[in-house]
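Heads up, the next two complexes both have chain A, just with different partners, chain B and then chain C.
Coming up: the complex of A and B.
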């Protein structure tokens, strides 16, 4: 399972609506799929799943707008 | 129509007669139950906090008997309360003794740098007004108007202002990173409450001084905090009402942080007009708030907080970014800019400039 797939599966699971198919480009923030309170669940998921540490100031739309951005952020953190 | 579909008609396929509940329906039911039971958790936290459990456990682990004796409470139900705290991750239990969890150690023990106890105490004060939500919705008026200067309001006012201090100094402190006030000399913090943002901003900008304007009972508490932070030379207070008193002139920055939400749109326009009058040409208006989405049904924090505001302030509410920008422009501010902060911060900033004549 790719990084993107793992993140998409997690996001799909955490949305109470269910049934929402999340693609790599689905906007998570504007569409309200993830609220600002839900973002922390995603952060702790990627921290434990990929062994990275995310700082508060990194939790910005540029990193969390969609699954592709999150995956790219995870990959860049893994390299650093 | 199934109950779960009332709010979200497009949510889930109907359960088939013979099939098991689909996974998303289980999640929906769980989410519904968690919403209905939310106050269980709040009350366990508030009650343990009220009895001083977390401060008592700041040192070494204790048994329920010692804690019950200390707080003068029944042994049986003190034990149940402590076990409830364990279940919520606020305490840990080993060999019949209790100790603070990492959460309690970080946020609930007085004197710790990230202390949130005053904020928790204020939220406990809000519990009673929340129980009148139905009445407030029916009449359109709060049942308890928050008047910091009213006789007998000292305890609530203190809880509110110290709670705001905890919040600003903790999760709210991010705004200081996003605000560059280099070259600005005088800041007016209107309805500044504890004055925490003024204190953090003057610490960041050596050439800046600030004046916190708020009601007499509020600035008294702000003055205590300013002294505690050793900033008396740079942050001063002025007792007054931002609605009826003159705000003064010659300021480079006017800060309106989480205070417009106490007022209805007419009062907001009045405050913006007075802020405009207080600024020098080229001066900067800074509004910090939890803004609603354009449809006003998100973000969750801003929407729920808007309801809480309506429980305390006649006409109080959160505003959307578009509504706020429209009012800012109508008053004559130029180049309004929205600054979103990190996604863990429910507040955003609107910056605008008073143009030169």
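Coming up: the complex of A and C.
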């Protein structure tokens, strides 16, 4: 599974109540699919799944608007 | 989630970014009040503040028009023009009285502060702490400036309570003169006396405080948020933020609504309402919505009893703005 696929699967499972199909471009924040509490769950997931540490100042909407952005952020963190 | 004393957006900025803090001004008129506070009877200072507010009201202008129109909207057709004018005048007087109080509070002795800011329902806050799951000290934009004073008082009484700020920009940026005076007086800045920390969008700092059984002060009627639910409020369906209830649901933290009512210097009270938790059923949206509605109902009750204290009244076409707020982009909603 790619980074995007793993993140999309996690978000889909997290938002199972809504029954929304999550694609790489699905807007997570603007559409209200996940809120600040959900973001914290996503942060915990990517930290444990990809072995990275997300700093407080990195938890900004630009990095979490959709799965593609989250995956790009994870990849940049892994490289650094 | 919205922290205290945020205001509606004025200018666009990139989502989630906070600009560099503005330069600290050298001095202000408020410094004079701060410096002469021990030398002049407190009532005189507040009388001057009231006059300043009245002058603002008489000058009029777009803000005054917005406040007047919003008040008329809330009062409805049954109220006379005189009643709306009275509330409008009181709004501007109240703003100046509050600003003076929050400026002087750090300089007041514990005894004076306790006299100026009586607290009703402190046992309710004690009961919330006893659950050891953290406390959401849920204020509002009803006299929210005075929430700062109450938090300073609670911290002096030994309560572990901190304010979550929406931005690193200090809404009560102290001047250089004031900073020096605070240091010489042996107290920290207002921000330090509030135990303030930055948390918006990223709620991890708040959750970490809950784990330490800290009470975190925030507002429940702010707008800078990613997530909303519609509730009945002031005879309309309007969106309210879900942040505080969502956090309480996921962490088990106890919600303690607290409302500031009355007028400085000696007519203010903090009313602490009955604490509650957010249930964790299989329907999270319903769980949160029901509790947000409970909070909105309490807020409406207190606003109707103290209309001139609601700081959102300065927003032009307030209810139209509120009802259409969620149609704005996330970046617009996060502008501070």
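Following the convention adopted for this analysis, the second predicted complex is superposed on the first by the 78 of 80 C-alpha atoms of A that agree within 3 Å, B and C clash if a C-alpha of one lies under 4 Å from a C-alpha of the other, contacts with A are read in each partner's own complex, and residues count from 1 in each chain.
Just so we're on the same page, a contact is a pair of C-beta atoms (placed from the backbone, for glycine too) under 8 Å apart; a residue touches a chain by one contact, two chains touch by 3 or more.
Predicted, not measured: the structure shown is a model, and the values here were computed from it.
Participant: Taking the superposition as given, does A:74 touch the first partner, chain B, the second, chain C, both, or neither?
Facilitator: In the superposed model, A:74 contacts neither chain B nor chain C.
Participant: Considering only touches as defined above, state whether A:22 meets chain B (first), chain C (second), both or neither.
Facilitator: It touches nothing on chain B or chain C.
Participant: Would you sort A:61 into first (chain B), second (chain C), both or neither based on which partner it touches?
Facilitator: After superposing on A, A:61 lies in contact with both chain B and chain C.
Participant: Please indicate which partner A:8 is in contact with in the superposed arrangement: first for chain B, second for chain C, both, or neither.
Facilitator: In the superposed model, A:8 contacts neither chain B nor chain C.
Participant: Under the contact definition given at the top, report the residues of chain A touching chain B in one complex and chain C in the other.
Facilitator: In chain A, residues 17, 29, 32, 35-37, 39-40, 56, 59-61 are touched by chain B and also by chain C.
Participant: Under the definition above, what is the set of chain C residues touching chain A in their complex?
Facilitator: Interface residues on the chain C side: 1, 14-17, 201-205, 207, 225-228, 242-243, 246-247, 249-250, 282-285, 326, 329-331, 334.
Participant: What does chain A use to touch chain B in their complex?
Facilitator: It is residues 16-19, 29, 32, 35-37, 39-40, 56-61, 64 of chain A that touch chain B.
Participant: Within their complex, state which residues of chain B touch chain A.
Facilitator: These residues of chain B touch chain A: 8, 11-13, 22-25, 27-28, 31, 174, 177, 293, 298-301, 340, 342-346.
Participant: Where on chain A is chain C touching in the complex?
Facilitator: Counting only chain A, the residues touching chain C are 17, 29-30, 32, 35-37, 39-40, 43, 56, 59-62, 65.
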